[in-house]
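Two complexes follow with chain A in common, the first pairing it with chain B and the second with chain C.
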Partner chain A sequence: MVNGKQELAITRPIGSSSGGARDVRRHPMRPPGLPWVLPALVVTMGVIYYGIGYTGNVSLFNWNGLSDNPPNIGIKNYQGILADPVFWQALEHTIVFFVVVVVVQTALGFIFAVLLHSPIRFAVLYKIIIFVPVVLAPAVMAPVFRQIWAVDGPINRLLGDVGLGALEQPWIAQSSTSLAVIISIQVWEFTGLTFVLYYAAMGQIDSTVLEAARIDGAGNIRIILSIIWPDVRGTTVALAMLTAIGSLKTFDIPYLVTAGGPNYSTEFLGTYIFRISIPQAHVGYGAALSVLLLILALTMAIMLQARGREKEGPAV
Partner chain B sequence: MHARFGARSGRRLVAGLAATALAGVGLVGCSPSGSRSSSTNEGSATSGNLVWWGWSPQIGPAQEFITAFNKKYPNIKITYKLVTLDGWDAALRPALASSSGPDLYGISPGPKVANYGDQAVDMTSAIKASLGSDWKSKVTPLDYVPQMYTSSGKLVGAGVGTSDGGSLWINKTLFDKYKLTPPKTLKEWTSDCAVFKRNGVTCYVQGAAQAAFDRDHLQAISNSIKPGVWTAASKGKAKWTDPTIVHALTVWKSLFSNGIMQPGAIGAMQFPDAQNQFFKGNTATILMGSWEVQYSSKRGMAAAQAAAGVATPKPFVMIPIPYPSVTGTSAPDYSMYGDVDYAVAVNSKSKHIAAAKTFAAWLGTTQAGQQAIANSLGSFPSLLSVKPDWSAVGLVDPSVQQAPIQALIDAAGKITEPRLGILSQDMTNAVGVAATTVGAGQATPAQAAKTLQDTFDAGK
Partner chain C sequence: MFEARGRLAKIGLQLVVTLMVLPFLFPLVAMVAGSLSGQGWGNYAKVLAVPGFALFFRNSAIIAISTIVIVYVVSLPAAFGFSKLHIRKKEFYFWLILVCITLPEVVLLAPLFVLASQLGLFNTYWAVVIPLAALHVPFAVLLTRNFVDGIPDELFEAARVDGASSMDIFWNMVIPLSRPIAAAVVIFTLLASWNDYLLPLVFLQDPTTETITLIPQYFVGEFNNDQTKVLASAVITAFPEVVAYLLLQRLFERGLSAGALK
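Take a look at the complex of A and B:
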C-alpha cells in the first residue's frame, strides 16, 4: 500500500524542488535530511577535513612529532621541498609510473576484455586467473616478488636456462631496473581490475550496433577501434583518473619490495613522506609533502575529469 | 549537463577546498603538540601491571628476564611486546603522544634518545639508589654513560648492556671444510673468497640497503686505515672529506669488484635477508657486531636457523674475528666501536612509574638482572662485575668458540669510539646513500664524501 506521502515522493519531478526548507514547510510529516547526513558529515568534517587542516598546520612547524612548542618556521618546509632533489625524483618516478601503468594496464585489460567477450573455451577460468592478483595483498606478494627478482631468483635462472645468461641482472639492486620491477608488479596486480571494468563496460554496448557494423562489412579490428573503444571512453577516463591518484599515493609495493631504493630509484611521494616523517622524524616537512601530494592529486583528478568531459562532446 | 558539471562541480570543489583551507587557517599558529602532563603520584614500587615495548630483547630472553625479576618482585606483572626495529618509530611516537602508551620502552643512544628522551622519567635517583653515588665507575665502558643523557641533562635509563660493531663473523665449519684460515688482511679475504666461489659457497653477505650496516662496515674499514678519523668526523672534529674516509669509500667500492660482496647486495636488507642467508649455512662471512654472540649457542643458532627457513637446523660453529686489515701491513686487532645497546626507559605518563623504575633499575643495575643479560648473550652486560656463565650458555663447540668470544668481550670493554650514539638519523641515511651510490658506481668516493660533509653541515 502506498500512502500519500510516498506517492508524492515518487511523483515529484526530480529537480523540481528548490530547497529542503520549503519541502519541510509544505510537508511537515517528511523527516528533515540533516539528521540523516549528520553522522557522515561529522565523520567527514571531523576526520578528513580536520585532518587535512591539521596537516596543513603541522607543515608550518619544525617538529619531530613529539616535542612541545616546536618553532613555527612559516613556509620554509615548502621552500625546502622545492629545492629537494629527492622530491623531484619521486615526482618523476610517479609520472613515469603513471604513464607506463596506464598504457600497459589499459592495453592488457582492454585486450583481455575483448577476447573474453568472444566465444572461447574456459572463459570463466581465464577470468579468475586474470582477477586473482587483485585480491592478493601486496604485503603477501612482496616477499614473493623479492624472491622472484633476486639475483639467484627464478627470473635470472630462467634467463640462464634459455641461453640468455648475459641478460641476468640484480634487478631490484640497481637503479636502472628497480623502477621497472615495481611497475611490473603493479601491472601484474591491478590489470585484473582494469579487465573487469572494461568487461562490464563492453557488456553495455548495444549489440545491434555491432551487428549493423558487421552487415556494413566492418572487420574485428575496425569494430574494436571505431565502436568498442569509443564506447568505453568513460571507463578509460575513470581508470586513468584512478591510476593517476593511485600513482600519487603509491606506497606499499615500493616500500615492501625495495624500500624506495636503491639510491631513491623507486622513491615515490608516499614512501618519501614515510621516510621523512617516521624514521627521520621531520614530521613538519613530511606534513608539507603531504599537503603538496593532496594538491597534486586534486589537480590531477580535475584535469582528467575535465579532459574526459571535453572528449565526450559539447555541453548540453 | 556538462556545462553544469563545470560550473556547479567547480563551485562545490572550490567550496570544499575553502572549507579545508579554513580548517587549516583556523589552526595556523597553533602549536601541534600539547603540553605533557606527567603523573605526580608514582604509585607502588613493588606492585602493578606494566607493559614493556622493545625491539630487543627477543621474546624468549625477555620472558627469562621477567621470570628472574618476578622471583624478587612477584607483584609486578610485566607484559612484553616485541616491536620490529623497522616499525619502532611508527609505533612508539603516537603511543608516547597518547596517554595509553607503554609504561616501559626501549631506548638507545643517538636519534632515539633525541626523539624519545623527553618522554622518559629521569632515572638518576633510581640508579644511585641501586649502585650508589659512584655508580658511573661500576658500569662499562665509562664513555657510554653520557650517551643516555638528553640534551637537557636528563638520564633516561641505565644501559642494560653494550652493543659493539667492527667484528667479522665467520662460519668456521665452512673454513675448516675448505682448509682455509680466517683472513687477517683484505688480500687474504679476497683469496679465501675465490676458493669459496669455486666451491659454490657465498663468501660474504651484506644487506647494503640498510644504512646502519653500511655505516658499520665503513667505520670498520676507516678504523683499519686510521683509527679515530670516522669518530672525529662524526663529532665535527674532522672533515668527512678527510683522505681516510675517501680511502675507506674506495676500499668499500673494491669489495663490489673483488669478489667479496655478494651480487645484489645493494638491494638486500641486513635483517632479514643477509642474516637469514648466513644462517642457512652456505655463506662464509658476515659483518655483524656483539649482538651476534647470542646465535653462537645451540639454542640461539637453532632459533636463527629456524627463522631463516632451514627445515632441519644443523648448527655450525661461528666465531668472531677482527675486521681484516685493509692496508695489509699487520695482523689486525679489534678496533671496535659501540654504544649502550639499549636502556629501559620509564614513560612519564605511566600510572605505575615507581614499579616501572623498579624493573628498569633491576635489569640495568643489579647483579641478578645483569647476569640474566649476560647469559642471554644478546648484549654484553653493563656492570663490570658480571660475566657470562659459560656453563649455562651452551655454545655449539665451546672448545673452538669460547676463546674468540671472550676476546671479543674483552675488546668491547676497552672501546672508546661510539657506534650510533653521535650520528643523527639524517647522517646515517646519508652514509647509506653514499655507500650504495659508490657501490653502484653512481658516485666517486670523493663525491660521496662531499655529500656526507654537506649533510653534516646542513644538520648543524
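Take a look at the complex of A and C:
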C-alpha cells in the first residue's frame, strides 16, 4: 500500500497539471514524501480527529455514557450551556486567569532575566530555584499548596508572626481569594519557563549596542525600556500565546487544590467538563462544552498559524 | 544587563534578587519542613514501606518512555517528509497536524472513555500512552520540521547525486544532524508525560498501574489524611525530577525553550 502511494506521487506531477509540473522543475530531485508523514497523520488524525468527530456527534444527544439509545436532542445541549451561569463563570475565570498570569509572569520572568544577566553572585543558584517548579508535576505539588494555604498553614502562621495576624484568612476555602491562590500557584509553576526564554533571548542581544547606549549616557532603566524590552518582543508574544493555550487547558491545579470551588469560584472549562462528563455522567452536555472549548482553542490555533506565516518572530 | 558600579549598588541588586526569589523557594522549604514534622524521618520510612510504592515510578517510567519512543519515531520522519520531500498539498497536511497543538486533552475524554471500554483498555498503559503520544506529536512535528528546514537542501541533493535513497539519507544524515532538536523533543515529551494527571486519573484505576501523579491522592486515603506523610510522599516523588533537572540542566532549559527561539 505504501508502495502504491509512492508510485502515485511520482507519476502524478509529470502527467498533467501545470502546477505539479512547475513543482517538478523547481525540485527536480524531490522524491515522494507522503509515506514519511503518514504515521504522524495516522496517529494525530486517528486519535484526535476521531475524538473530535465523536465528541461533536455525542454533543447532540442526552447521553449518560451507558444507555444504548440516547435521545437525539439537537442543539438543546448548546442552548443549555448558553443559559448556564457556571459556563460563563468558568469562561470568566479563564480570561481573568490568562490576563493576570500573562502580566505577572511576563513581568517576573523579564525582571529575573535582566537581573541574572547582571553582575550577581550565586546566579546559578537563583536560576535553579526559579526553574525547579517547572519540572515538578502540578499534581504532585497540589497537596503541598493545599497545606501552605490552609487555615492553620504556613502562610497564615507567617502573617501572624510578622504582626499581620489581621490578614489571616481561609485562603482556599472562600470564593473571594480562591482564584487568586490558583493564579499564584500557576505563576509559581511556570515563571521559570518565562524566565528561561527571556534569559536566552537576552543572551542574543548584541552587547556593542548596549555599550554604545551607555557611552551615550543611557541609564539602566532607559536601556531596559528602549533596547532590551523591544528586542525581546518576539519572545513576549510567543509567551502570551503559550499562556493563552495553557489557560484553556488548565485542569490539574484547580481540580486538585480547590476542586473548582468553593461555590464554583475556581471552576475552569477543563474542570467543568470533567465534572459534568465523568462524576455526573452528563456525557452529551460535557461533549457540547468540549466542542465550545475546542472552538476557542481552534481560534487560538488559527491566530498562531497566522503568526507563524509572518516568520518574523519565534514560531512558538 | 544592569550595570552596578558601586559596592552599595551591587549589594542592593543582590538584595532585590534574593527577595524576589524567596516566594519561589518558600513552597519547597514548606514542603520539606512539613514532611519532617511529627515523626521526622519516620514519615519517609512509613511512606517507603508502603507495599508497591515503587510501582508508581515504574508505571510512570514505562508510560513516559513509550510516549517518547512513539513521538520520536513518528515525528522525525514526518519532519523529513514535510521539509525535504515532495508531497502534494503539503502545507494542508502540515496544518491538519499543527492545529492539534492547541487541543486540551479534556476534549478527548468522552471518546477515549468509550473507546477504552470497548477495546478493554482500562488499566492498561495504552489507554494513556496513545492519547499522550497523539497530543504531543503535533508540537514535535513543528519543532523538528523547523529544524530540518534549516539544513541546506544542497546537502541532500549532493547525497542524491551520489545515489543515496531517501532511506539512506534519513538514516545517515537526518537522524545524526537532528540530534539537538531530538533532545528537545525528548525533554518536553518526558515532562509532559511524566507529569500528566488527567489521563491516568481517568484510565488507571488499579493501583498496580497508577502513575506518580496519582500518589498524593493514594496517600491521602492510605494515611487517613496525615499531612506529614502526604508531604513526605510529595518530596519523594519530586526528588527524581529535581535530580534529573540538576544533572541535565542545560538540556532541560534548551529543550523547553527550543520552540520559542529562533
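Operating definition for what follows: the second predicted complex is superposed on the first by the 268 of 316 C-alpha atoms of A that agree within 3 Å, B and C clash if a C-alpha of one lies under 4 Å from a C-alpha of the other, contacts with A are read in each partner's own complex, and residues count from 1 in each chain.
Keep in mind that, in the parts below, a residue touches a chain if its C-beta (ideal position, glycine included) is under 8 Å from a C-beta of that chain, and two chains touch if they have at least 3 such contacts.
None of these values were measured; they are calculated from a predicted model.
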Which of chain B and chain C A:I172 touches, first, second, both or neither: first
First, second, both or neither for A:L164, with chain B first and chain C second: neither
Superposition-derived comparison: chain B or chain C, residues of chain A touched: C
Which superposed partner A:V103 touches (first chain B, second chain C, both, neither): neither
First (chain B), second (chain C), both or neither touched by A:L193: second
Which superposed partner A:G65 touches (first chain B, second chain C, both, neither): both
Contacts of A:L225 with chain B and chain C, given as first, second, both or neither: neither
Contacts of A:Q280 with chain B and chain C, given as first, second, both or neither: first
Partner chain in contact with A:I95 - chain B first, chain C second, else both or neither: neither
First, second, both or neither for A:V209, with chain B first and chain C second: neither
Intersection of chain A interface sets (partners chain B, chain C): 45, 49-50, 52, 54, 58, 65, 278, 283, 298, 314-316
Chain C contact footprint on chain A (complex, rising order): 9, 12-13, 20, 23, 27, 29-37, 39-41, 43-52, 54-55, 58, 65, 108, 111-112, 114-121, 126, 128-145, 147-148, 154, 188, 191-193, 196-197, 200-202, 204, 210, 214, 220, 223-224, 228, 234-235, 238-239, 242, 245, 248-249, 251-252, 256, 269-270, 273-274, 277-278, 283, 286-287, 290, 293-294, 297-298, 300-301, 304-305, 314-316
Sites on chain B touched by chain A in the complex: 1-6, 13, 17, 19-36, 89-90, 93, 96-97, 111, 115-116, 118-119, 208-209, 262-269, 425-426, 429, 433, 436-437, 440, 442
Parts of chain C lying in touch with chain A, wherever the complex brings them together: 1-4, 10, 13-14, 16-18, 20-21, 23-28, 30-31, 33-34, 70, 73-75, 77-78, 80-82, 84-88, 90, 93, 95-114, 130-131, 133-135, 137-138, 141-142, 146, 157, 160-161, 165-166, 170, 191, 194-195, 197-198, 202, 212-216, 220, 227, 230-231, 234, 237-238, 241-242, 244-246, 249, 252-254, 256-257, 259-262
Parts of chain A lying in touch with chain B, wherever the complex brings them together: 45, 49-50, 52-54, 56-58, 60-61, 63-70, 72, 150-152, 170-175, 178, 258-259, 261-264, 275, 278-281, 283, 298, 302, 306, 309, 312-316
